[in-house]
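Structures are listed in the sections that come next.
You will see two complexes here that share subunit A, one where it goes with subunit B and one where it goes with subunit C.
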Partner chain A sequence: MAKAIGVAPTRMELLKLRQRAALAQKGYDLLREKMDALVIEFFEIVRKIGVVRAKTMQQLSSAYRSLSTCFAVQGTIETYQAAREAKKEVEVDISTRHVMGILVPAIEAKPVERHALARGYGVYTTSSALDEASREFEKALGDLIKLAELEEGAREIALELEKTKRRVNALEYVILPNLKSMVKFISMRLDEMERENFSRLKRIKAMLEGRE
Partner chain B sequence: MSTDRILQFELARLNAHLPEQRITLKDALSASDPQVVAKDGSKHKFERVELEYISKIVHADDWDKLRLPILIAVNPKLGRGAAEISGEVEAKVISQVLGKERRNQEIVIYRPEIAVVRAKLPTTTQYFFMVG
Partner chain C sequence: MSFKIATIADAETVAGFALAGVQDVHIHERKEGTLAKMDELLASKDVGIVFITYRVAEELGLEFRRRMRTKKLLPVVLRIPDKTGWLPKVDELQEIIRRTVGAEIIVKGGS
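== the complex of A and B ==
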């Protein structure tokens, strides 16, 4: 039996195993708390993504409608020409924030919406429909940046959640039961040895008394 | 033994995101880029909107007493899903956010309340796991 479990049934081993079981139990409790907290964070970020995604889709739909109008009013080639002339740089400040030890990006975009004169295309040769379409796309770009930040955050949290869940499960279903069974086995074996000793002593005592 | 080592590493990593030094609300409001440096060397930035929200809750005299981020101390001894917030001003902020009464300098909150606090103050609050 001792060989099957792989531990020596000694008091020293029992003490060591009890310490290990206590550490594993503490780790399990804390990691489970971490997992619960990660679930809260994950659902909150998913809720935010839902809101921002709906807003972004609506904005993009409006932007594409404006672009169609622009194509109709100004002409396709002229619109593409203006798009090529436009300045395409958008300044973003990417930093990080901590969510339970996970670094998630925090993106701050400088105002994406620009004045018609700052866009780079000639205002005299283009129609107001192009300005309208540009404005709508700039708004959509702001929303897309926010959505990207949230989605990356959700991805990072989901990965950490998966890792934590795996560890909690390993502790709950493998490590803790193993340690507990080993502690139980050694305790039972030590008790058995004590009983054996006791009965042996009784027997010896009886034999000695018989001789006298 | 490697399992124990992994476990100890995990436990040590639980609080790696905590700041080396917390800053007061007053300092955070006056900083152009309010942030703290975590124990692992990374930076944690505070949202200005949140700072302004807290500044409305807390009296101006207490701005230099409130240290940010507010720590939500998760202690398994309190039971699963429970956490406590220590500090007079910190507890006051949380009780105002939740509309919950507090008895002394500490406030104990539970999982649904933690979700509300984290939703309202995602950058100015942080989890702290009580390992010891």
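== the complex of A and C ==
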């Protein structure tokens, strides 16, 4: 009721406030629906992430293992050398798609796995451990690209969800109660004024009758 | 549109990604150098994905998180474990879920 002091208790104001309250209510309902839809979308994506993440981490750790083997078998300097020589041409197609009005990246990876000869390092001076490591890393990269798409999508949706939730809460717990209490205050005040007026008229009428 | 991939990691991880054909690699040595590189990557228009190891991200700390908050949609930044398989204790996504939904939610994989 604290905020109710600032309004003039007039019929005009009452109408305006009622309109605002109705609008706020409508906005609240819409936001609430949006939030529900976002939550569904979000959990869908989180479930997918769980699966992809487990697979990717496994692939990545096996890639690291074969890289370590490569370092051991072929020597550190030679491996770094091969890494420097390797052709670097991996590219991804990124477009965006809309989920409930949020931009979410959609990443399309071109196949990243290549033939050993296409990798660009000298085959003659390198061992098969290097080929193995490269292959594992290419696979891991493909998985990681997929994971990146999902995680970024989840992040965007989560941030939007947070924002929506804040708005819903603001409407539900601050703006709507405020408006409602203001409406109540004005209508009480108007009623009170009417009663005052009524008794005043009665009194005047009595006085007038008494004079005659 | 085609985008490049970048990796910021320690020397060995970077070697692995270079073998797989990642175009833009940066070996993390000092904080300042890596931050400068990150700014460059985040500002560039043809980098689509940036992989950064958890360890490096942790070392950058606040600076990294601030850049994550203010960055545009692209490039996508994904944190990966390095060869020790080290993961931070709190997952960022779990943290966001906890903050928004108000409860820890564990989604079982495969269901």
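Details
We take it that the second predicted complex is superposed on the first by the 207 of 212 C-alpha atoms of A that agree within 3 Å, B and C clash if a C-alpha of one lies under 4 Å from a C-alpha of the other, contacts with A are read in each partner's own complex, and residues count from 1 in each chain.
Going forward, contacts are C-beta pairs under 8 Å (C-beta built on N, C-alpha and C of every residue); 3 or more make two chains touch, one makes a residue touch a chain.
Model, not experiment: these values are computed from the prediction.
Annotation: superposed three-chain arrangement on subunit A; subunit B versus subunit C shows no clash, the two fitting side by side. Residue contacts after overlaying the shared chain place A:95 against subunit B and subunit C alike.
Across the overlaid complexes, the C-alpha centre of subunit A sees subunit B and subunit C at an angle of 120°, to the nearest 10.
When the shared chain is aligned, subunit B and subunit C each come close enough to touch A:103. Set against each other, subunit B and subunit C differ in how many residues of subunit A they touch, and the higher count belongs to C.
Once the two complexes are overlaid on the shared chain, A:73 sits clear of subunit B and of subunit C alike.
When both complexes are overlaid on chain A, the residue A:23 reaches subunit B alone and has no touch with subunit C. Once the two complexes are overlaid on the shared chain, A:190 sits clear of subunit B and of subunit C alike. In the superposed model, A:7 lies in contact with neither subunit B nor subunit C.
Residue contacts after overlaying the shared chain place A:176 against neither subunit B nor subunit C. Superposition on chain A leaves subunit B and subunit C with their closest Cα atoms 12 Å from each other. Shared contact residues of subunit A, touching subunit B in one structure and subunit C in the other: 43, 95-96, 103. Against subunit B, the residues of subunit A that register as touching in their complex are 20, 23-24, 26-27, 29-34, 36-37, 40-41, 43-44, 95-103, 106, 167, 171, 175. Residue ranges of subunit B in contact with subunit A, taken from their complex: 3-4, 7-8, 10-11, 13-17, 35, 38, 42-45, 74, 76, 80-81, 111, 114-115, 118-119, 122-123, 126-127, 129, 131. For subunit A in complex with subunit C, the touching residues are 39, 43, 46-47, 49-51, 54, 57, 60-61, 63-64, 67-68, 71, 79-80, 82-84, 86-96, 103, 105, 107, 112, 114, 119, 130, 133-134, 137-138, 140-141, 144-145, 147-149, 151-152, 154-156, 158-159, 161-162, 165. By the touch criterion stated above, subunit C contacts subunit A in their complex at residues 1-5, 11-23, 48-49, 51, 73-74, 76-78, 80-83, 85, 92-93, 96-97, 99-101, 105, 107-111.
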